Amino acid sequence: MANMTRDAHPTLEVEGLTKQFRGLVAVDEVTFQVNGNTVHGLIGPNGAGKTTVFNMISGVLPATAGSIRLLSEPLDELPTWERTKRGVARTFQNIRMFGDMSVIENVITGMHSRLKSNLGSILIRQGNFRKEETEAEAMAREQLAFVGLEQAADRRAGDLSYGDQRRLEIARALASQPKIVLLDEPAAGMNPAETHALIPLLQRLRDDRGLTLLIVEHDMHLVMSLCDRITVINFGKKIAEGTPGEVREHPAVIEAYLGHKVDDKKSTAPVSKVTS
Amino acid sequence: MLQQQLVNGFVLGATYALFALGFTMMFGVLGVINLTYGVYFALGAFAALWAAKAIGLSVWLALPFGAIFAGCIAIVIDTLLLTRLRRAKAPELSSLMVTIGATLFLYTGLSVVYGTEIRRFPLDFAPSAAFEIVGVRVVATQALIVVAALLMAAGLIWIVRGTKIGLAVRAVAENPDAAALMGVNGGLVTHLVSFMSGALGGAAGVLIGLNFNAIQPFMGENMMLRGFAVIIIGGLGDLRGALIAGFLLGIIEVLTAGYFASAAKDLIAFALLVLTLWVRPVGLFGRAAAKRA
Amino acid sequence: MLDSFSDIYWTYQNIIHGIAVNGILGLSVYVVLSIGQLALGQAAFMGIGAYFGAIATTKLGLPFPIALLVSVLTPAAVAFAIGAPTLRLTGVYLAISMLGLGEISRLLFLNWEYAGGALGLSGIPERGGVFLLYFVLIVLILAFFFVGRSRIGRAMEAMREDETAAGVMGVNVPRYKLAALVVSAMLAGLAGCLSAHVSSFIGPNEYGFEMATTILSFALLGGIGTPLGPVVGAAILTLLPEVLRFLADYRLMINGAIIVIAVLFMPRGLLSWRMKRTV
């Protein structure tokens, strides 16, 4: 098993991240790094605190303690829109689509932080505004083509199938030209065939677009075949970290998922797919 | 004289507190700013007036009559308009809009039926004695108002904090879905809360009508500003807050009228509201309702 | 032919003015509703604009353009002062503050002797006229369509659908909320000033709760899919009382009923189109 060397300048650094709700410590001093141009998985049993970590990184939830740095710049205290401007994009577990808007309008909305038009240029000197809008539309079509949705560009987003809405969410996240994409259970609600089709798309994000991905997922097949590195969380604490091979055999991980200690003879058995 | 002002302020504050209690409870449990609340206020007063004139009831019976009448109307309005929106999980602003429409409809209806001139309770409606305590002149109606308000407030707080049904009410206020899963009959709780809120508003209407000796269809509208100020200052949904802030506002208003200009007394409520928003938006006892965008 | 046209104008000039003024008010309420906030302060802002603009021309003898400027900037300042602290709170706080503002401004005008007190302000010079009114309305509608098809329009629709997701898209939600409030206040103030200078008289009771709900009903009736919705709603609700003159006493009851019916049964209003958000 090749050991991934730690990047001297990781894309995302999470240090001592903690979230406390009135008496319940949901996330407890979690620390990990995500290296550039890799797919990093965040896994753990239900209720382990993974989505809470996500929400703190993207700024939807304020952290109780700890720090988050994107390319060495601190993100703490910044609201979500500032983080998006700095390069953090995310998708949601329950797909928060703008249902009334068309598919392509959704993607162009994702570019909000990169466009420059303001009231002045929209109403007065329109030349720049029109130019920017035309370029934006072209870029949006590009993203749609990348995820395979260019035919559906003018359809109402709420009318798309579940799997297509997921792809749209990814296209929308790409539109903000992010430095890191946080994917919150991208395979949630998908059948095995759809999940299987998702893997190459996510690989292309890393290989063709050079992006960095942080994925929360329950689907072990996807996690094991896609991720370069995995961090495992249980009861809000990090319990293991490493390559898929290392994590698969880690006793603490097996215990967390299967609920009992496994002796050495059985330790090479792969962790089976855990359904949510 | 200061003591006199304080007494007057205390009396006024009692009515504000009563009014705000029902208003804030409606918000805290049902999650809606119900603007028809002002109509319950007026309806209570008018119902008591009718009872006094048509059946000759005096305040002891007319007050509960007005309160119960207003409470029943509150249940009807909630069932007709708000339940449907709650079931559809409509945004709370939709409920607010619907109550605006209903308010407009009902106020105007009331003024079409009754006309807009000011009416009074008949002379024998309430005891007219007056007495002196520690050099301060207290009229019997004032004492009655304070006692009635405190009794109703105490009754409400006892119900909410000390009974099983009160526990159900608080459960629904915290988390309606979880409460339903626990077996709480959400519909019953909603009806109960509507009734209690409406009754409190109606009672406040009778008492204010008695205090100022003036009843007219739009009286609730004027009160609403005080209501807003009190529930924001006290904290949205908090009963203690409504009680304390109500008394405070009453006292401050009377003192302002006495020592500054009497026109300023209307402004003070709004000024305090804006001040609260600037300094401590959640109010005295409000839970942090702030949300990150 | 020309005679009969000016005859019609003189007979119905109140309605003709009213449609334009209410159209501008409809746009004012549209700005706030289209980001998913409730608009209840329009009447108060209109009153502030009307009074301060009228005082500028009547009492201070200032030229009309200055009055227009005052009538736009004063409500903007008030909107900023009240709106800024409520940004981080749920929409209920803003709604309550706006209702409170309506009440308080009514009381202020009622007691302000310099501005005529209970008798109102009369003798306002005639300025502007019907052509200015419709010119402003049309320019505003065009502006709204341009903005609606831009990044700003998309951000606003995104906020209406899902505020959190809009933030994740990069939309500075509090800033947009405040901007929408201030812009709507400016438009309402403008409408107030224009209206005051074609009706020669304004009174303190014109800008209260009833007015606020009437303005809201323009948008509820017409729908907020496009800026035209509230304008059409305003036109209908301005004409209706004339057509149904016998129902004059019940006008407010009808407004109230419209609001209830619209919210419960016609959430999209009459014009349920949706604006395209790309150029």
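We just call them A, B and C in the order they show up, numbering each chain from 1.
Rule of thumb we're sticking to: a contact is a pair of C-beta atoms (placed from the backbone, for glycine too) under 8 Å apart; a residue touches a chain by one contact, two chains touch by 3 or more.
No experiment lies behind these values; they were computed from the predicted model shown.
Chain C has the Cα centre that lies closest to the mean of all protein Cα atoms in view.
Taking the CA centroid of subunit B as reference, the farthest chain centroid is that of A. Taking each chain's centre as the average of its CA atoms, subunit B and subunit C sit 31 Å apart.
Averaged C-alpha coordinates give centres for subunit A and subunit C that are 43 Å from one another.
The distance from the centre of subunit A to the centre of subunit B, with each centre set as the mean of the Cα atoms, comes to 49 Å. Listed for subunit B are residues 292-293, each touching two or more other chains. Listed for subunit C are residues 164, 167, 173, each touching two or more other chains.
Multi-chain contact residues of subunit A (touching two or more other chains) are listed as 59-60, 79-81.
Those residues of subunit C that touch subunit A in the complex are listed here as 143, 146-147, 149-152, 154-155, 157-158, 161-162, 164-173, 274, 276-279. Every residue of subunit A that touches subunit C in the complex is listed here, in rising order: 58-60, 79-81, 84-85, 89-90, 92, 96-102, 104-105, 108-115, 117-119, 122-123, 126, 129-130, 133-134, 137, 172, 176. Interface residues of subunit B, counted against subunit C in their complex, comprise 27, 33, 35, 81, 84-85, 91-94, 96-98, 100-109, 112, 221-222, 224-225, 228-229, 231-232, 236, 263, 266-267, 269-270, 273-274, 277-278, 281, 289-293. Within the complex, the subunit C residues that touch subunit B are 36-38, 40, 81-82, 85-93, 95-97, 99-101, 103-104, 107-108, 111, 163-164, 167, 173-174, 209-210, 213, 216-217, 220, 249-250, 252-253, 255-264, 267.
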